[in-house]
Amino acid sequence: MKPLTLIVSGIVLAAGIVGVATGGVDSQVFGTWVAALLTLAIFSFLYKDNPVYKMAEHIFIGVSAGYVVALEYWNVFIPNLWNPLVSGGNYILLVPFALGLLLFTRFSPRASWLSRWAIAAMVGSYAGFAVIGALQGDLIAQVRASMIPIYSGEAVASMSLAENTNEYIFAFLGVVQNPLTIIGLLTTLIYFFFSREHRGSLGVASRVGIWFLMISFGASFGYTVMSRVSLLIGRLHFLLSDWLGVIQ
Amino acid sequence: MSEAGDRNGIIQKLSQVDRRLIYLVVLVCAVVPLVIGARVTLSVSPPVRGLFDAVEELPPGSYVYLAADYDPGSLPELYPMNIAFVEHLFSKDIKIIAASLWAPGPPLSQRVFDDIAPRYGKVYGRDYVNLGFKEGREAVMVSVAEDLRRTFPEDYLGTPYGEIPMLEGIDNLTDVSLIVNVSAGYPGIKEWVQQIATRFDVPIGGGVTAVSGPEMYPYIQSGQLVGLLAGMKGAGEYEQLLGKPGLGLAGMAAQSSVHVAVIVFIVLANVFYFIERRKKL
Amino acid sequence: MKTEVPVIIAFIAGMLMIVSFFSPHPVFAEPAAMMRNWAIIITAFAYVLGVANIARISAGAVRTRGRDWRYKIVMLLSLGAMLGAGLVGGIQGGSVFDWNYNNVMVPMQSTMFSLLAFFIASAAFRAFRARSVEATLLLVTAVIVMLGRVPVGERLWSGLPAFTEWIMEVPNMAAKRGIMIGAALGAISTGLKMILGLERSYLGSDK
């Protein structure tokens, strides 16, 4: 890192802090400028990797890490462990306290095996949650929701009631909705069955499954583009509105 | 030969254009609609309508558990949703219990409350509460569903559970009428559905980043989710239904123009690809 | 002690969670609730461990003048400042911690993720080619969805938003459900293997 980058950043930061402390600079204005300059520092990566970006990146890592620990202290350690243990006399909490401290034995090659006890408690609990969640939330509920009628008389009748091309198209899509859902689900599951070679009718079904998967990946890609663009719009809105005041 | 050669040379150059030019086009397409303040009207999708109607049907005085499971990385998509939900719930005099499974969540929730609550005359502790963050993912979800007080002995700022007036008589999630989850990933709405929806029979709805939107449709179709907002567009649709345009709607014109730019890039790239492929054949 | 005790702990913890789902009897419900609270506490320690590890590795890099060691100093100072502000001054609104969160952490995290918009546009131009039937299907669907989810699409065809929603509700939903069911079967099998001690990779090696 070039010393000049560090010196300039340090001077700007010190000037700002002194300004806020003496009342010469409004803390909200100073905060907006800090946020805007850090935003531009991150955006500078788009041109090329540079010391300003790297410094901002490392500030971000440090601040995020410090944030998490401070929050764990006030929101978990104090109310869920310390207060019940010290003020409430709930001494059984010495067990998770000890297990949590044992996690730090990972730093010692000789004693690191002790951390396995705490890891096992976490892994066992979350494996239990995963089994129950997957079973009732995904497997059974989703299979149950797939028991739909292939033929819907109502949907077929709506085709004859269509008054224009749009309505006819959507009435037709309504008719094929259930059959396509069932075919799509079954062929996708067949595609993921790798115990037999995908040949003959299994191969044909697997191929259809791939088509459904490609449609779903295309939909996911479209939504991913939407998501990323929204994030950019959010930052630009901050720069143009809160910082520069160009837009309301 | 020279004209065809020139054309091929141009296509070659265009297909290898500097990526920073692409970045510039994206930037211009995003900035211009924001600066000129272009406004759009959105068509409302059934999943958004489903959640809106679910909130509309809640009687005044009922409780909603608002799980703000997101961080600043998803702010532009999820913060407008958080605002829209709180506005809707306050307008119907519904009490909000907010909490978060993501460490950066509580200050974001608090910021929304600080902005919105005064407009509706809502008071902290009487009409809404921010219980803060708890580490533990699915363990916290099930723990909250069974015993809210044990999971959150204090609120975000250290007030004991028993000293918060609106929490009197509220023991667990079965005492709330709806769970609204603003979710940026894991842990989030998928885990809420897996752990809570069927097991505790509490309706769940919420908002997700657009990235997660497509994989939530099985839960919508099965009824495990009463409704869903996906991305900034979902937030914009909800704002439109509410009649309170906000950050969601404000960004949609820019969203439109960048989408068109990306589609043009894809089409152009494939046109160049097919021209070069035909050349090789 | 090194392997058997953790496997037994994992078995007890996992079985308590599963059995308490099926039986609300206090014999299972009370220990399960206690285990959940313990999992919350231990997980919090795990996050602190992660941060302590970052600090340890960075301090080592500074000591040995490793790669980017000057930036590591910046990182450690930032970590110390934020942690100190939070532990000493508290986390309430108006505190230094809160100011750092709103003006340093929030803008930078949001901006980091917003860079992805540029990268995805660049990738769309450089990499997405309709080389096969399947790739074409993917690209065409992506274009329809991108157009259908913005007002421009509705101007092209009034039915495009509804058609996009149909794509999401039918073919997309069917494939996603297939993936979900397959993943659920995998998760159940792996979870049970971990609880029963058949899968022990989470314990690390004995060396």
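Chains: A, B and C, in written order; residue numbering restarts at 1 for each.
Rule of thumb we're sticking to: a contact is a pair of C-beta atoms (placed from the backbone, for glycine too) under 8 Å apart; a residue touches a chain by one contact, two chains touch by 3 or more.
Owing to the predicted nature of the structure, the values given are computational and were not obtained by experimental measurement.
Taken as a graph of touching chains, this assembly is fully connected, with contact between every pair of chains. When you average the Cα atoms of each chain and compare centres, the chain farthest from chain B turns out to be C. Of the two chain pairs examined here, B-C and A-C, it is A-C that is joined by more C-beta pairs in contact.
If you average the CA atoms of chain A and of chain B, the two centres end up 11 Å from each other. Averaging Cα coordinates per chain places chain B and chain C 16 Å apart.
If you average the Cα atoms of chain A and of chain C, the two centres end up 5 Å apart. Annotation for chain B: residues touching 2 or more other chains are 23, 26-27, 30, 73-76, 104, 134-135, 137, 139, 142, 199, 213-215, 218, 221, 233, 255, 258-259, 262.
In chain C, the positions touching at least two other chains are 21, 36-37, 39-40, 43-44, 47, 91, 101-102, 105-107, 109-110, 112-114, 117-118, 120, 124, 139, 142-143, 146, 149, 162, 168-169, 172-173, 176-177, 179-180. Shared interface positions of chain A, i.e. residues touching 2 or more other chains, are given as 46, 67-68, 71-72, 74, 76, 80, 125-126, 129-130, 132-134, 136, 138, 142, 145, 216, 219-220, 223-226, 229, 231-232, 234-235.
Of all residues in chain C, those touching chain B in their complex are 21, 29, 33, 36-37, 39-40, 43-44, 47, 91-93, 98, 101-102, 105-107, 109-110, 112-114, 117-118, 120-122, 124-126, 128-130, 139, 142-143, 146-147, 149-152, 154, 161-162, 165, 168-169, 172-173, 176-177, 179-180. On the side of chain B, the complex with chain C involves touching residues 17, 19, 22-23, 25-27, 30, 40-43, 45-46, 71-76, 104, 107, 110-111, 114, 134-137, 139-140, 142-143, 146-147, 150-151, 157, 199, 213-215, 217-218, 220-221, 233, 252-253, 255-263, 265-270, 273. Listing the residues of chain A that touch chain B in their complex gives 46-47, 67-68, 71-72, 74-76, 78-80, 83-84, 125-126, 129-130, 132-134, 136-138, 141-142, 144-145, 216, 219-220, 223-227, 229-237, 240, 246-248. Chain B meets chain A in the complex at residues 20, 23, 26-27, 30-31, 34-35, 37, 73-77, 103-104, 106, 132-135, 137-139, 142, 152-154, 156, 158, 191, 193-195, 197-199, 209-211, 213-215, 218, 221-224, 230-233, 247, 250-251, 254-255, 258-259, 262.
Only residues 1, 6, 27, 31-32, 34-36, 38-39, 42-43, 45-46, 54-74, 76-77, 80-81, 92-93, 95-97, 99-101, 103-104, 106-107, 112-113, 116-136, 138-139, 142-143, 145-146, 166, 169-170, 173, 177, 180-189, 191-192, 209-226, 228-229, 231-232, 234-235, 238 of chain A touch chain C when the two sit together in their complex.
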